[in-house]
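Some notes on the structure that comes next.
Chain lettering (A, B, C and D) follows the sequence in which the chains are written, and residue indices restart at 1 in each chain.
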Amino acid sequence: MSQFAPKNPDFAARVRDSFARQRAMRLIGADIVRIEPGLCDIAVDFRPELTQQHEFFHGGIVGMIGDSAGGYAAFSLMPADASVLTVEYKINLLFPAQGSRLIAHGRVVKPGRTLTVCQIDVAAIRDGDERPCATLMQTLMTMTGLSDRPTT
Amino acid sequence: MSQFAPKNPDFAARVRDSFARQRAMRLIGADIVRIEPGLCDIAVDFRPELTQQHEFFHGGIVGMIGDSAGGYAAFSLMPADASVLTVEYKINLLFPAQGSRLIAHGRVVKPGRTLTVCQIDVAAIRDGDERPCATLMQTLMTMTGLSDRPTT
Amino acid sequence: MSQFAPKNPDFAARVRDSFARQRAMRLIGADIVRIEPGLCDIAVDFRPELTQQHEFFHGGIVGMIGDSAGGYAAFSLMPADASVLTVEYKINLLFPAQGSRLIAHGRVVKPGRTLTVCQIDVAAIRDGDERPCATLMQTLMTMTGLSDRPTT
Amino acid sequence: MSQFAPKNPDFAARVRDSFARQRAMRLIGADIVRIEPGLCDIAVDFRPELTQQHEFFHGGIVGMIGDSAGGYAAFSLMPADASVLTVEYKINLLFPAQGSRLIAHGRVVKPGRTLTVCQIDVAAIRDGDERPCATLMQTLMTMTGLSDRPTT
């Protein structure tokens, strides 16, 4: 259960709309599988196209869905006229990302008017169990007045 | 010019062979454009498939080629019977990755028998100039006796 | 409760002995207030000598006890002939460290033969409550055969 | 030579005044040995009180002067009515900090209205030479309208 109250009641639709416009997420086949205030899970099924040289999920895919899960967890708490920007993150790769599916659990640790800090755990699903493979600590920025859509 | 002497004289062929087996790199269209002892540059051309919601390169793509450029810079200094593993990295996203091409410059800061530290700068090429967009600090591990190929 | 089995049954005495020889910890007045397998808490009372320009605990003190709490949490799981080395850490300063006492809770997230990953939360005690002020993610290395004492 | 133009012509006096009020810096005996726009070096002489169990400089001292060198490098570019806050940093400890003196070289990589990114190298001086011992990447925040002095 989330401990945060969203500033934008339509946060879930807004997150899904933004995510749908991230073509890189579509390229790798990632989906949002949970969105609550301050929480976002993103998952991707195994495909050979997503692997590194040992045929596990590539670390880049792990980082990519981890970063996005934190980003959208933060975005879910932002006001309707704001956009989100990743300032930085740090990722520790704990175990090889070996499994039929990868899932990133992003959660806001500290929301803020300007900066938000998230913690993200990424797990590989193998034989039905979630096995931790990476952990991220991330800082995000609220860009007030910046549309989430491209300027034309 | 590189300041390091490679342990494996065939380091360049070995790096290119390993990279060629990273299907995730092929998916995003990344290439190794420079490999010297302790140095590796990886580049990727802009395609709409690689974008986030503002139509710039997705931060995940920035992280992915940054991580790989550091990984192969480190791998270039490792002995022929070793494999490389990313332990962790930290990325600061400095500017939006807006340009016709993205390039990551990885270089070894401190080689070690067990651990290697790399620094990676990622730039977007716009109007012919390289504009910095991210910087990474990364720790990698030499996996002695672990093949770079999948076990079967 | 700890979930780890220590390799060295005398881990607690060994941690306390090592800590007692860290003169920098004595300089700032830090103490180990809990040591269990994979867990270590370090606390320090407020003194004006430990402050920054706003008269809160200096961020350097926050980092110092955070790093040590993780280091000794990791060390508690290491064999008797090994020493511990901090490879790297990342700290997010969440709130000003304002309080009568500072406490760092270090815990091992992933123990390993060579590398151990820890997560550390630092809190300030104010009006009797622990208020989070920082969070760290840290990588440590087991130095097998390296004494924890100086070579003479 | 610095590449940045300071917003506050009195930046050097302001940095020194702020530093002088950091009692934790006095406790460890640290000094500012260079301050230019976007650049700050902080040094500390060896004393047994600053050591860890192997009688080298404690990693906490390395982190402390590294964090401060970056913080004041950033502060030197900030307007006269602003204060500086460390958001986060990541430190890689490359070599033991063994020497007669420790020096941290902080420099701004990317100044910004809200966030500034710094890179800091820490070296130990041994037999007259600077030997690298750590490298930090740091994010700082400009706190506009927040005095650098404590509120009373």
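The rule is short, and it goes like this: contacts are C-beta pairs under 8 Å (C-beta built on N, C-alpha and C of every residue); 3 or more make two chains touch, one makes a residue touch a chain.
Since the model is a prediction, treat every value here as computed from it, not as a measurement.
When the C-beta pairs in contact are tallied for A-C and for B-C, the bigger tally goes to A-C. Chain centres were defined as the mean of their Cα atoms; on that basis the chain farthest from subunit C turns out to be B. The geometric centre of subunit B is 33 Å away from that of subunit C, both derived from CA atoms. Centroid to centroid, with C-alpha atoms defining each point, subunit A and subunit C lie 30 Å apart. Among all residues of subunit A, those that touch two or more other chains are 87-88, 90, 92, 139.
Against subunit C, the residues of subunit B that register as touching in their complex are 87-88, 90, 114-115, 139, 141.
On the subunit D side of its complex with subunit C, the touching residues are 18, 21-28, 48-55, 58-61, 63-65, 67-68, 85-93, 148-151. Those residues of subunit A that touch subunit C in the complex are listed here as 90, 92, 94-95, 109-110, 117, 119, 132, 135, 137, 139.
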